[in-house]
Amino acid sequence: MNEVVNCAAYLEGRRVSNVDIHNIHEVLEHPEQFLWLGLHEPGEEMLEKFQKEFSLHDLAIEDAHNAHQRPKLERYGDTLFIVLRTAQKNELHNRIDFGETHFFVGTHFLVTIRHGSSISYKEVRKRCESTPHLLRKGQGFALYAIMDSIVDQYFPVVEAMEEELQDIEDKIFKEKPTRQTTEHIYQLKRQLLDVKRAVSPLVDISNRLTRFDTSLISEETQPYFRDIYDHALRINEMVDHARELLNTALEANFSLISISQSDVAKKFAGWAAILAVPTMVAGFYGMNFKFMPELEWHYGYPIVVFFTISLCILIFLMFRRSGWL
Amino acid sequence: MNEVVNCAAYLEGRRVSNVDIHNIHEVLEHPEQFLWLGLHEPGEEMLEKFQKEFSLHDLAIEDAHNAHQRPKLERYGDTLFIVLRTAQKNELHNRIDFGETHFFVGTHFLVTIRHGSSISYKEVRKRCESTPHLLRKGQGFALYAIMDSIVDQYFPVVEAMEEELQDIEDKIFKEKPTRQTTEHIYQLKRQLLDVKRAVSPLVDISNRLTRFDTSLISEETQPYFRDIYDHALRINEMVDHARELLNTALEANFSLISISQSDVAKKFAGWAAILAVPTMVAGFYGMNFKFMPELEWHYGYPIVVFFTISLCILIFLMFRRSGWL
Amino acid sequence: MNEVVNCAAYLEGRRVSNVDIHNIHEVLEHPEQFLWLGLHEPGEEMLEKFQKEFSLHDLAIEDAHNAHQRPKLERYGDTLFIVLRTAQKNELHNRIDFGETHFFVGTHFLVTIRHGSSISYKEVRKRCESTPHLLRKGQGFALYAIMDSIVDQYFPVVEAMEEELQDIEDKIFKEKPTRQTTEHIYQLKRQLLDVKRAVSPLVDISNRLTRFDTSLISEETQPYFRDIYDHALRINEMVDHARELLNTALEANFSLISISQSDVAKKFAGWAAILAVPTMVAGFYGMNFKFMPELEWHYGYPIVVFFTISLCILIFLMFRRSGWL
Amino acid sequence: MNEVVNCAAYLEGRRVSNVDIHNIHEVLEHPEQFLWLGLHEPGEEMLEKFQKEFSLHDLAIEDAHNAHQRPKLERYGDTLFIVLRTAQKNELHNRIDFGETHFFVGTHFLVTIRHGSSISYKEVRKRCESTPHLLRKGQGFALYAIMDSIVDQYFPVVEAMEEELQDIEDKIFKEKPTRQTTEHIYQLKRQLLDVKRAVSPLVDISNRLTRFDTSLISEETQPYFRDIYDHALRINEMVDHARELLNTALEANFSLISISQSDVAKKFAGWAAILAVPTMVAGFYGMNFKFMPELEWHYGYPIVVFFTISLCILIFLMFRRSGWL
Amino acid sequence: MNEVVNCAAYLEGRRVSNVDIHNIHEVLEHPEQFLWLGLHEPGEEMLEKFQKEFSLHDLAIEDAHNAHQRPKLERYGDTLFIVLRTAQKNELHNRIDFGETHFFVGTHFLVTIRHGSSISYKEVRKRCESTPHLLRKGQGFALYAIMDSIVDQYFPVVEAMEEELQDIEDKIFKEKPTRQTTEHIYQLKRQLLDVKRAVSPLVDISNRLTRFDTSLISEETQPYFRDIYDHALRINEMVDHARELLNTALEANFSLISISQSDVAKKFAGWAAILAVPTMVAGFYGMNFKFMPELEWHYGYPIVVFFTISLCILIFLMFRRSGWL
């Protein structure tokens, strides 16, 4: 039964016992303790047992079973249910892997349920256990610690996107416009929208947690959620900023495509004009008039060739000067 | 009189009797029961009888008679009147068929009136009757069950549109820009706006139902409407997301049209330059000067032909290298 | 004095007397009656008398004298002053004629003042008089009846614009892009904005009327204004929907212009290439070299002609295959 | 000392005395009177004296000294400080001249300070003095009178911009696209934004004045500010309307540029095709084959010329028919 | 230990003593005094000591240690924590250097912590000390003085950007469209967004300070923060204004690129048409028909040359007239 990652009871910020999943109710009878249970993609059977132990609402369990929800905070009776989306940069496939973590917060317990791609919260638990003076603030602090680690994982993701934007800028302004750049802009926009969708509900969620019922989130834990609120705001702002720049980049790219189109047309027109000269001259001296004195001249041919080449060079220089070539 | 699809009285979550449309008032006299009546495009006569039985407001009946309204929730005295739009993907004609369902919710009754294309709610009723412990929560739960099934029908519709968007992306970035792609983008945008129009009022409606007068929607039913609220929010977000991507796709498509225009121009210019060479050379040796030594040479002709072809190949290679051809 | 269209006193929903404009104060002394006065573009003299009879505020009279105001609802002491804009499709000139109607609502009177192009409210009055059980609700119901008829006149106007949009779509996607289509899009946008400007304040006005002081709008009349509120919302939505589609249509149109530009360029390039072949061949055999064996062949000419035509056909087929021609 | 434009005391709506700037405190001792002082770009010395006489806040005086502020309404203790921007069409340079007027409103005084380009308020004062039954409402009414005249000056400015927009439309749809039209659109947009910036805070300012402390703005004066509120809303709407149309005009202009570009390309391609025919024919009969029977025919030349011209005309007619020429 | 820039105690607005960092608690025991401490990029050790002296919250200290936060105002118990971003035009590299200043405001102290590029606040302190009648209002006034100097530094930054916009306009409308102009527009947009991000939270922060707990910000200091609020609003407006104009400039630039593209195409087509004439004529008289009377004429050649040149000039004049050349 490795759906259960970790299950322990805490008293005064210190782990007092590892708890078997079947003895949860015993721990819940000690109001001075709190239980911290970590699950990973639990099956239906597990969830059912779990529902009974904590006496949770049907809808909450249904929610916990479904991944692919939007981040939200909901209260079912005495229990708080939170859905967050996690994000990690997948360097291999150059995409962002999204996962989901659900939280149940009761007066004496915290349950986390991980779905999909997301790192384990073992590290977070260890860090919490190393600062018992903070963890004694209760399950609210444990909730904060995990949420904080989730939010912090967004920073490298967004920063990577900002670097990609910089790459795109370089390609647009320093290189030639290509189909690839346009597609790159589009794909980055898609990623930005995905991240935005995952992060923007966080602002509201963390804001509500700073003023929540103190039986679930103790008063001294509330300032910590303001910290998360602040980070969520900042990620949001970074995404919006990148999005607006990306829109401008798309338009700038378009302008530059037009300019280089115009440059091609000018170059083409210029060379066409230069080449038209010898063609015309040759045509003239190809006419079959009986009396064309130049044709009789001994040096007629070299003179005409010289004259034609000179004219071409002249036109070329004129165009170069006026910036057409 | 097959406007009446189904009419039954429920006690403690169990169907106790099928009720004739003429005996409705008898059921309404038993406050411990509730009546669940399903109508399908009722005529005026029917609606009149119906108005008398439930003593409904004139305006409510007028509303119930008209299809093509915007989704709304209104209270006329003791009765709640709700209009929802239903949507179904019509695979045959590749369009979305919209219908309408109106609800009257009283203290002891629920009436549903279906207009236009929409599936019957028989399945929903059956499912409710199979969970009497839930249905005993009253007409509010029956309302939830139908609304839930309506909202859930939007998911496949929106997902189909997301797939279409993916198709469009593939066409834009992998194939040539065509008139069809542009029209496809436009038609998808139209569909998205239609769905948006049908779904966005749902957010407000379901939100209000979570905090409604408990005589109509019992307190224990209210969390269920939060579930609908959540789904409505998600559909809305999916539509907005698709809409923003579609706008970007339209612009990206435009950029690529310009790029491929530019490519055509370059190719054309390149080949024009290559073909200009033999034309010019031929013109020169077509001149009628008396003294053109090359014309007298025995191998003049093959030499010139060879030289011209070589020059053309050289230019071709130069252009290929610089990416013009 | 045909500025006065109609002036009558009502008791219990029935017209009890036609009132001369000079005897208005007599009617106002009977609190169980209400007066319904209809004016059409009254002169200053008329308005002055009118102000005295109803003891209205200076600013209200000033407002009533000016057409070209934005729709609004204002309270001056005991009197409610409402400005609405009316709209009618002028089929002849294919434009929308806007007019204005002002209302004064007092505890026992309703005054309507029509400005500019708008149909008479005789029909509305007749319909009201034919349902005395409704009209007995007082001047608030009469106000509703006229507002309802004004709002309902917007539906055909907006529907005509939706049809125009459909026309534009057909022109864009089925026909060639023209200057006319672009101008048509622009003019439709202008009309949409005009209608939007006339309708959008109505949402707020009708919403406020649903919760207004009951001495002016009796409690049982208030649900009727919710009906108007609903219609105003719907017209607004239709306009916004059309506007967003129109913006997309403008961009799609632009894309298609670029595509057809690209098609022209391709066609041109293709034919230029085909025609370049015979020109080049002819040029070659026009050269004056002494020793060009082909020129001596007896069938040289027909062979070259045949070969040239074949090459042209070959190139044509190649281009056709790759979609350039 | 012509910084002081006018300084007078009013009792019951009538001017009772012209007041010397040094005797202001004497007037302020009569609570039944109010003082109306008009300044024009006062120096520091003046402002200092002025501050002492009315015992104003440091920050208020600092504000009054600075032009180039955004319109605002602020309360410093018992004194109300208002900044408004004035606008006038400068026909000569075809631009809008903005000025600023600051107001100090106390329980018994009104001070106006004009900065930059703005007309004098003598006319307003005269009009007020001619209606003592209104001016007796106090300094609040005088404030209204000036604000009203400021707001009314925006109408001709905005109407002139609407006419310019009409001009631009005519140029776009009736004439050829030019650089000038694009620049004109841009400059009009800039002016619209400037006016918007000057007017939009007015909506909030006038709205707050309709519900202000009655010791400064008497209750019977408040409806007058609703009038200003209404005008400010309307100017705002006009500007927004023009701005949205202008954006559409910019895009429409762009479409038409592309269409005319396309037309040029088509025309060019058409004529190129027509001219290619004689060139090709001439080339063919310029070949030097020994045996070309047509060359020997007696009427070969005129036949070929006739045939070529006919072909050109045919192609010309074909193109004309298909709309290319 | 030059992390401490300045540390002094103030009584009645006058500096009474310079305080050693170790004796801070002694000053804090005198409630009639307040302490003003200036730090510059303090190390961890310093912050720890500092936390103990003022008994600050863990999170506040963590915040103070991190630069790169978004501007915010937070309250930890009795202490106010404010983060502001400072901006300075770096003329050398033509970019904006952003820095950060953090504030701790307690009932009897003000601590400022500067991070990154920002000027010292010595000047501000000096100015405050020279107006003891103002500084006696307490630490709130000192806070105002520094915030005011920070906000005022944004004006030259934004004005420089407005000038750049003017430059861009000149380049767009007076010169040829270039890649540089497009890149310039993009970079200016980026800068505007950066400034916007730094300034826009200031509006809310300063607004909240005008109605803050009077134990930290004395009542008579509050109007001063309204002044800052006003300035923040104005900078915001300037940025938004510039941003909207910049978007329009980008589109106008694009239009002009298209127009100049069109001009190139027209010019090219015109000259091609003119050059086609002699080529065609020459081709005709190069035909080898036996019987071409003109070829035998004695003045055939000069006549044809003259005729051809005349035709070219005629076409040239025609094109010039119709604006093609």
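Lettered A, B, C, D and E in written order, each chain numbered from 1.
Quick note on the criterion: a residue touches a chain if its C-beta (ideal position, glycine included) is under 8 Å from a C-beta of that chain, and two chains touch if they have at least 3 such contacts.
Nothing here was measured: the structure is a model prediction, and the numbers come from that model.
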Type of chain A:chain E copy interface by residue overlap (half), same or different: different
In degrees and to the nearest 5, what turn takes the CA positions of chain C onto those of chain D? 70
Per the C-alpha means, the centres of chain A and chain B lie apart by a whole-Å value of 26
Centroid spacing, where centroids are CA-atom means, of chain B and chain D in whole angstrom: 41
For chain C, jot down the residues that touch at least 2 other chains. 251, 254, 258, 261, 265, 268, 272, 279, 283, 286-288, 292
Hey, which residues of chain C end up touching chain B in the complex? 169, 173, 223-224, 226-227, 230, 233-234, 237, 241, 244-245, 248-249, 251-252, 254-256, 258-259, 261-262, 265-266, 268-269, 272-273, 276, 279-280, 283-284, 286-292, 323
Using the touch rule from the top, collect the residues of chain E that touch chain A in their complex. 57, 59, 69-70, 72, 74, 76, 176-179, 182-183, 185-186, 189-190, 193, 197, 247, 250-251, 253-254, 257-258, 260-261, 264-265, 267-268, 271-272, 275, 278-279, 282-283, 285-288, 292, 294-301, 304-305
